[in-house]
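These are the structures in question, set out in turn.
Look at the two complexes coming up: chain A is in both, with chain B in one and chain C in the other.
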Partner chain A sequence: MRRLLIAIAFVATPAFAQTTRIASDFEIAQMQQQLARSHDFLSQLSGHLNLGDARLTRGESTLARREYAQAYELAAHERLDARRASDLARYATATSYAALAEGKLGRDAHAFELSEEAIRYESGEAKTWNLYASTMSLLGKPAKAASASRNAVALARRDLAQSPGLDNRLDLAVYEYALASALNETGQAREAEQLLVEVTSSLRSPDFDFVRAQIAHLEAFESYSSARGQAAAYISLLNRSQLRLAALYESRGDAERARRQYENVLAARSDDPTALAGIARLSQSGEHFAEAFDANPFSLSLVRDYQRYLATHRDEQAEGDSAGARMRRVLIAMNRGDLHTAKTALDQLDQQFPDNDTLRTLRADLNKPSELPSFLRAGATTATPSASDLRSLIALFNDDRLTPEQRMALDKLTMTNVAQFDDAGSENHQTIFEKGDIDGVRFRFSEPMAFNGDFAAHAPLRLTYRVLGASNDELLLEPIQLEGAR
Partner chain B sequence: MIQLTTARLAKAQTRVSVPHRHLMPPQRLRAAIWPKTRSHVAQTLLSVLLMLAATSAVAQPVANTNRGIVVAHDNVIELLDHTGKNLIWKSDGLPTPQAIAESNERIAVLDPLANEARIVELATGRGTTVQTGETPIAGVFIGPTLYLLERDARALERIGADGTRASISTGADPAFLRAANGRLYLYVRGEGVVQEVSTSPFAIRRSVRVTPFASDFQVDAKNAYIVDPHGAKIGIVNLDSMQSAGSIDVGAVPVSFAFASAGTSLTARTLAVADPSAKKVWIIEGAQSVTQAFTRGFLRGLIGLGLFGSGTSNFPTGVDRVFVRGARWYAFDSSSGTLYRFTKSSSSVVAKNIHSFAVAPEGVFYWDDAVRRLHQAD
Partner chain C sequence: MKRIALVIINVLAAVAAQAANVSFVTPQNGAQTIGPALIEITTSVANVDRVEFSVDGALAGVARKPPYRIAHDFGTSLAAHSITAKVWSNGFRNSDEATIRTAALTAGETMNVEVVEVPMRVRSAQRLQASDLRVTENGIPQTIRELRADRGAARFVFVVDRSLSMGDGKLDAALRAIASESPLLRNDDRIDLVLFNHNVTKAKAIRRGEQLPSVPPSGGTSLRDALASIVTRERTYAIVITDGGDRNSAISESAALRAISNTKMIVDAIVLGDASNFLRDAATNTGGTLVTADASTLQRALRALILDINSRYTLDYQSHGNGSGWRSIVITPQRRGIEIVNARKGYYAR
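Let's turn to the complex of A and B:
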């Protein structure tokens, strides 16, 4: 069943047809179908909000904003329509959603005004306060969100006491989750943890056997930010609560508990991008990073985690042709200073995923002006440059940003590094080398050079040289001396 | 960002959606429940598109003071003269101002989103910006002292003229702050409590339990009034005894009200109550003692006066705020930004697509963000 649905997702999103599936492809296809089939307000609204959120996690903020704008227009239309029909509960709900959409669009002041208007009409409804809290979280106002969430939880507890039932139990869990999220953001981690443990325990209790059976029957697994119905709400809430709990444990250094929560999430859905990224971060394993990138190649936080990982894993390779693998190759090339390779790979990704924020950020990183190595600023005559210094030199040459004075200083500079040559020719106790690398930075001579003595290729040798220039990702060197590395 | 806000999207919404009394004229009621025709839908859509352009703007609070009209917008505060045309001074403002509290000497512009208040001397325009507790939604001056209701901090804060500060805790969701007889009155919406606060000592003096989740709260010298939209009532608290003094049934979904008249020997104090569900403003009598009611009824019968004829005013859209300035009555539809002037028998549009305004003796003043100018209407 799940495979069939995934196949449908491929059909619905041809842009991804040639690559490994991205985890949110399925949710996006589902929401697009919902928008096409169901034209009532709530179906359309949740469709646009969920699509926007899914797009945002993939670095597609332009598409996300388009969805949020449509959600706002729907809600604004609905609130006026409700007001004309004298249906004030509907008006308050639509106003809350209009506020939420405005919050997602970054229109803070109007989002706040609409939120206030909604609670003027429906301050006795937990749902209204919960939407208020969500909007305040979007505006970066966690203290307001926490206060509103407390109101929502108090009202939901009242409702549950008056009418114990699955719907009210699920509602309470949703609001407790929102409260925990807001408390966590205000630094009240202890209370947040208690609430999240309470939520996950409650969801795993026999009270929800019926919903779990329903989910098993439907083979449902998709997670939405605006979930409809018991099954979808249950799946989404359990997923988010466990992820939130895992992040909380991770932030305080409790890796074992964090890993357990991430594994719980993956047990329900093996391609959850956040959980895979969490596991990769904790395990520092290239294999896990590969899985996380396949689930969502465009998560900026995953990109940054991977860049940190690459700093200590210089021999990392990325096999395959998935978007995740190609993204990792970009990052590996960047890490090695193969800027030309990185730019080429980025260009190809850009063609397939135009207007992507993460790709744009990486391009900006690549284009960021390289700093002048300190030995050039200090006017030194000898230096042992780092790989980073050499990459900066390549970038400065490629961008033609060295001043005449800096070029003169470079001409006078003699540098020494441990190098490895690619291949060796030999004749009359001379060894002939043409190219190699210094700490991952490629170099070549202007022509094959013969060195007195027998030297092995692919072995560390101490090379003293001057820099003549750079081409693409290679330095052009003039050798002065070669000796065995000590 | 995870929302998970709509787990119960499909839940029925019936709390206040249907007026529970037969107050709606049959024609209007039919319009509300009958399916719309194609042309009606098209017309609706057009009006929505027009409205969207205007209503996505943000409020710029305007206040009438004894020195002129104050408007807060775009990080500035301006005082204009009573015509609204001549600038007297301009001062630094706040990023997202929402409300203005005023006294004879000072104003306080409140920014509940940024948790800031800017207190400005009306005479000079000189002011100071203070950080407040979470979400300052209302302010009241008693003498030179400012009292701020900080809803999400669940606190009432006092800021003296010299800058000294003190704070007292309130219950959950304190929503309204009023002053009468030198005392402060809070309505704590989540708990359904009215609290009386003395200024010296600064402390909660008395409390009374009332209906929770009210949409408006006003006080006069003798009573506090609490608007309960769900129960379609206005609850009354006698401020002398701090005891409930009963309630008045009104409309289908009353949302807010203003004192329409102070009362005479023939009539009790009257309230103008906005009811957006019925698209009416109801004119009703406020609290009165049994003796007062008997005497007034006797006099009306004796000289043959009716009580307000039909007793209602009709509006094309549902109004949810009422303002009274002497003989001039105004009603506001916050959903469409339409301001009406009304009498007991008719209403007319004063301004459209506005968000905030002040009713002054010279007329109604509102800020037009499109042309960045204060307008006077009526």
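Let's turn to the complex of A and C:
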């Protein structure tokens, strides 16, 4: 029973950000059950904190804040009860949790004040120092977090020497992990790495055979920032330590060692979103990105990694109907400049996942007003527009943002580009074309058009045309002349 | 009071008629359209720049001079269409538009032919004929269309549990058994592998006898999700290899049973431990079998299961006389010396 709530040591995990079920669905389901079944302070507190953290990894900050606010309310209430009962140790613990919840809510000054108060009341417990370090890390004070973590580790080593049980071993590993995280943030990567290697080696040692058997029996795999019980603490700590090590190796450019750590994480949990994202980033493979998006479609760092990947993989496709596949379709369409397709796919995701930060960010990206093509500004009568000009024009049509003057100018403008047609029909030395693309921008005529001469489909041809309008991501063109590309 | 209301309505109607400066010549509102057709409007608007025609929200064509018409191919769809004509005038400063909606074409009467396949194991001293059996569905006698002594080409899906409890060599034994026994399947069978823990991987096509790479056992168990994920309209034999219960499925037992108890799927299972009631029901409902084994006997059990599937009779009948919901199938011998060992017990009709 001593391990009621393994001190909250995992707050500073790298950008956390799951295949048709999002990985964090499982943690959310478990925590919702915990909240419904267990009504003691620590079960309720860890339930709300974990739910908040899980929500945050999937871009649901409004829901996350609601959970953190409830955690704060619980801790504030516990503080009052402890003070009335003149229980100073309980008061200090509650104050530490209140500080942590306030830190997660972004109320930095109050969080700092509460942390300082907690440590004044109870400075002989490793747990209190660890909570202090976690809050300081949240508040962006890594040096303070590191020195507090050193205190926690020193006290835990003393406790382990006095009573070498499993609980104390696990506690020490938790505090060493927290120290490593803080050291990493202060640029002391070598010591951080050494500590993380010690933590993972310790957790893999025969000392923890009993916990591993328990985990196998329960088929437990969920990972939490506020873990209760030996099994959950073991799983979470091993997971985070390996991820932290992987991130450290990756930042140093040691891709092979980073990959090994990510693979270790995936051997324990095949849908870990951070490890899948790491593997995708290292391998630059569409298949791995697909798995990472299924694990967490709403990780903004994964979105940005994928956008960088797409810049050099123009033929990428996303099949399937998982949220991850739909998210990738949005990004693929954005990358190709098919803004209407992107907006439609984003609208559908929005309906299923309302109030999502990542979707909101992408919508803002999409809604950035398109530049007016230069040929419309200059009052030209002929032009050879780029693909980007044509995409801007499509966006202007779709958003109905062309002025009467610009419409007049466009109506008079004759454009010429090298085009490729999809299919060709032919009769009497005439070739019939209906649709094709200009440097990736789709176009069609209002009906199949017969051109004098024998032309091949999928071959570069010089098309002179007028733009009649656009629908979705396609231009409607009026052909004027077609000739072989010179 | 009544008179005032009437006057107001009349004024509004007059305004509406005036706004309608655009009217369709063809097609007319409510007409039916299919294939290539003309779209044409007339307008009283002066200084027209162009008329844009949109079909179902997509720009279909532009006419600059009267008669304002375009040719458009409505395709082969029987659906209704929304057609909008937007008239730009006075240097694109003004626009007037009108929209009509064509009517959907109704297809002729359709007939739903529902052929039910019943895989069955039968012991008989003589070769079985269709006339030797009687089929009822919810008590209503059905006419047997065909009784085949071979099972025909099918899709086989090995649904393998890769959860953490499949350690100690169980998962490796399962993958080895599939590699060594899958050559017993017909050349024209299609084989898929679905691995599941708390998540279900997409079905991956494998070749007969293909050596399968080792997979680390990890995570929880979503057996119901895994079985429900492979349902298709194809004749499918799902062979489940698992070591027990379900901890993480999103789908309920009844929903999963409803999904898999269709007319074309048979669930067989090898259980390395205690079988769940769900898996028993899934096998029983679909005419499959459930056997227990351990890592050392798994390969033998799989071999026996595939040989059993290969030697089954398949009976086809065209269902009639029942509504949607659970349809219970009862097959009875019509002469002595025939023993029906097992057969599909029924299916859910939607």
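By definition in this document, the second predicted complex is superposed on the first by the 364 of 486 C-alpha atoms of A that agree within 3 Å, B and C clash if a C-alpha of one lies under 4 Å from a C-alpha of the other, contacts with A are read in each partner's own complex, and residues count from 1 in each chain.
In this text, a contact is a pair of C-beta atoms (placed from the backbone, for glycine too) under 8 Å apart; a residue touches a chain by one contact, two chains touch by 3 or more.
Predicted model, so just to flag it, every value in this text is computed and none were measured.
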First (chain B), second (chain C), both or neither touched by A:Arg120: first
Touching partner for A:Asp411 - first (chain B), second (chain C), both, neither: second
Partner chain(s) touched by A:Ala189 [first = chain B, second = chain C, both, neither]: neither
Contacts of A:Arg228 with chain B and chain C, given as first, second, both or neither: first
Of chain C and chain B, partner touching more chain A residues: B
First, second, both or neither for A:Glu219, with chain B first and chain C second: second
List of chain A residues in touch with chain B within their complex: 42, 46, 49, 53, 56, 73, 76-77, 79-81, 83-91, 93, 100, 102, 104, 107-110, 112-113, 116-117, 120-125, 127, 130-131, 134, 137-139, 141, 143-144, 146-148, 150-151, 154, 167, 170-171, 174, 177-178, 181, 225-229, 233, 236-237, 240, 244
Residues on chain C engaged by chain A in the complex (per definition of touch): 49-50, 52, 54, 57-62, 70-73, 88, 91-93, 162-165, 167, 197-202, 216, 218-221, 247-248, 250
Contacting residues of chain A [partner chain C, same complex]: 18-21, 23, 25-26, 215-217, 219-221, 266-271, 320, 404-405, 407-408, 411, 446-447, 468-472, 474, 476, 478
Residues on chain B engaged by chain A in the complex (per definition of touch): 1-11, 13-19, 24, 32-33, 44-45, 47-48, 51-52, 55-59, 96, 98, 112-113, 134-135, 137, 151-154, 172-173, 175, 189-190, 212-213, 215, 229-230, 252-253, 255, 276-279, 317-318, 333-336, 355
